[in-house]
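Input: structures, listed below.
Note that chain A is present in both complexes that follow, paired respectively with chain B and with chain C.
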Partner chain A sequence: MAERITFDRSLYLPEAVDAAAAAYAEHAHIEITPTADAVVAVLSDVGEHDAQTVAHAFCNHVLHETIALRRQALLQEVQ
Partner chain B sequence: MPEQDSTSQSRLGFELGAGHISFDVDESVYPLEAVYGACYLFLDQCFVYLSRPRSGVVTVRLTARGSAAPAELDALAGEFANELLSQATRLRLSQATMRIREYYTAAALRAAASAPSVDDLLAELESEELLEDPLEIMVPWEEKHGAAEGESEPKKDPK
Partner chain C sequence: MEERSLTLSPPELAEDALGFFRWGRIAGKVLVTNDAGDWDFLGESEFADLLAGRIVDGHPRFQDLQRKGFLRDGLDLGAFAARMAQRNRHLRRGPHLHVVTLTRRHRRGGANGAAVDASSADMSRETAEQVVDFALQSTSPAIAFELQGQGGEPLLNLDVLRHLVEYATTRNKQTTGKIMRFTALTNFTGMTEDAAEWLIANDVRVCTSLDGPAALHDANRKWLGGSAHADVVRWIEYFGRRYAELGRDLQQWHVDGMATVTRQSLAAAREIVDEYAARGLRSIHLRPLSVDRFDPDTWAAIGYTAAEYLDFYRRALDHIVELNRQGTEITERLATVLLMKILTADDPGVVDLQSPSGAGTAQLAYGVDGRVFPSDEARSVDAMGDPIFELGTVRQLTLPEVAGSPTVRAIAAASLLDAQPKCAECWNKPFCGFSPVRNFISQGDLFGQRTRCFECKEHLAVSTRLFELLADDADPDTVAVLKRWAVTQSPFTTDGRVSKDAP
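Up next is the complex of A and B:
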């Protein structure tokens, strides 16, 4: 069963969603659809793994990437 | 994120669901940077998902990595809330002291840039005329003040 996850643009960076999707490409088929306010990711074909666990882990990865990218951007602003 | 199931209120007042707990964060009280800071620390403990139900509000949803009792989820959310407060305080302090920290850093860098090198100090030592003795430290006492009084006048017999 496919898991549909909405990442609000005011909270998650679209580049972070792309980076996480690339990192999870081996574990699931991920389709990304950008909208005006959000980026929607649909995860399917997770193999033997639990779909919800993969979806939760994917969310953590996107959040981690978002925080890392924002911190890098802040550092570049200071420099 | 995934499905929304029925929720109830936890002991600390959070929304408790099956294996997850969620609560709203007011951005006017806790800046988004503080929310990110707290999330970053909890990423290895649980699954974290953020959503925005309305402007100025962030919903934080924490899902246990394994099975967790409601009391454990409540404790997890309570710890998150404490960390959120800590992060917000650190952020405010950091912003309040930013100018003075910049000033001290600039002053330290200026001082380091203007400090003389070892070669400069050696050259300065060599240029000094060490043989000058304006305070006459090298002059013996006898030459300065003549013979000591005790040696020139014989002691009187107290009898």
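Up next is the complex of A and C:
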């Protein structure tokens, strides 16, 4: 069954969703659809893995990518 | 393909009768644990009774399970909350572990450690004072300074080490009056009798590397640096003799040893433990290698899989327990920390075995230039060229700014086990924790995936073995040994971190 996750742009960077989708490509088929105020990811084909576990780990990775991208941008500003 | 079917019947479940708990199967029993750190073993039929709501007043397990919060009937929510608060007291304590890197110099590759310019490689006296003033801002009633060198020997900057200790002691007496502890993580390459006597006189504890018998220890030094076995043993004996001559409590005052485990160590679990016992050491800290610290060629020579390490660990732990049963008092550090979490109502204060991780809230690390990092691992990420975890410098920052920094908050969010897939359902959750910074190093992701996380495998395997031993009703002597480890350790010998690199 497909897992549909909405990442609100007020918190998550669209580039972070893309990066996480690339990182999780071997674990699931992930379709990304940008909208005006969010990015929607639909996960399917998770193989033998538990779909919810993959979805939760994917969400955490999107958050990590957002944190890292924002931090890197801040460091570049300071430099 | 042959089609086969399996009929599963869901267990009878009375959700409204149950407190929140997690469970797993260990040693033929069902282990149930909850967020207050309470746990119990149940037989299969008892577990079925629990799920079905059949454990009611009059059932032989009712009182135990009610008291521990596994049943809603008569649940004392106030007492349960108090137990949770006590287990999570680190959240309101303030940074208590301050890891100070005094020098980036090391003796490897140079006869006298002078290969790197000391003016930029050493912490200055002024910076050391600023680090102390910064650390003393902490609300924690106890402060532990771990004094280290990036190459394993802080004594290469002995003048500043002495100044930091003396300044901190004086400032503490003048101002905050905290309980203060100093530990030098030394590989003994810079140790002299004068330095040793000063460390003893000024209550600076000593932690070093001893990887096992001479042949193994000296073989490891090819890869890991540090002193030869004979030198390490000479200094361990020196400190042990002097502590005894001075009438110190040897339970508290002894050299702590860390054994770094290489591939060559895997076949020598008993010999490593026996070496520690023969040297009179009271504790051993078995340290696995981290694949990220080595180039592929070196890892191919000395590395191993997680399964190989955990098999080694189990054999070593079982031998340590057996020595204790025969009257030799020696503990293993990770097992002791986990036992304190399992068998006592308190938290032993180990910053990287907490949820959320204590990086930035319980631990801070300082570079030689006074830059502040949420943990020593974060400082090492900077030393590898990525300043992503840098919080600022002791000259600019205040401790409230550290606690509120986005970096520290991100680390806390990433290490909250309740929000981690797999951890949230794991029976070991009340006793576990991991380092997001290590996840960042090993997986490029603060959160990390549990299946790729070595710490996850390590903590689960060690807890499983400890619960297997605790479950054995036929072996009360072993249970007594484990209980002694948990209750006789002073917080001074257990708080700190389990992740520190061997000097």
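Here is the rule we go by: the second predicted complex is superposed on the first by the 79 of 79 C-alpha atoms of A that agree within 3 Å, B and C clash if a C-alpha of one lies under 4 Å from a C-alpha of the other, contacts with A are read in each partner's own complex, and residues count from 1 in each chain.
Here is the rule we go by: contacts are C-beta pairs under 8 Å (C-beta built on N, C-alpha and C of every residue); 3 or more make two chains touch, one makes a residue touch a chain.
Fair warning: this is a prediction, and the values are worked out from it, not measured in the lab.
In the superposed pair of complexes, A:12 makes contact with chain B only, with no contact to chain C. Of the two partner chains, chain B and chain C are each touched by A:64.
By the touch criterion stated above, A:72 is placed in contact with chain C alone, chain B being left untouched.
By the touch criterion defined above, A:56 reaches both chain B and chain C. By the touch criterion stated above, A:33 is placed in contact with neither chain B nor chain C.
In the superposition on chain A, contact is made by A:3 with chain B only, not with chain C. When the two complexes are laid over each other on chain A, chain A has residues 52, 56-57, 60, 63-64, 67, 70 in contact with both chain B and chain C.
Residue ranges of chain B in contact with chain A, taken from their complex: 1-2, 32, 36, 39-40, 43, 47-52, 58, 63.
Residues 387-388, 406-407, 410, 413-414, 419-422, 445-447, 449 of chain C touch chain A in their complex. Listed in rising order, the residues of chain A touching chain B in the complex are 3, 5-6, 8, 10-12, 52, 55-57, 59-60, 63-64, 66-67, 70. Chain A contributes residues 23, 52-53, 56-57, 60-61, 63-64, 67-68, 70-72, 75 to its touches with chain C in the complex.
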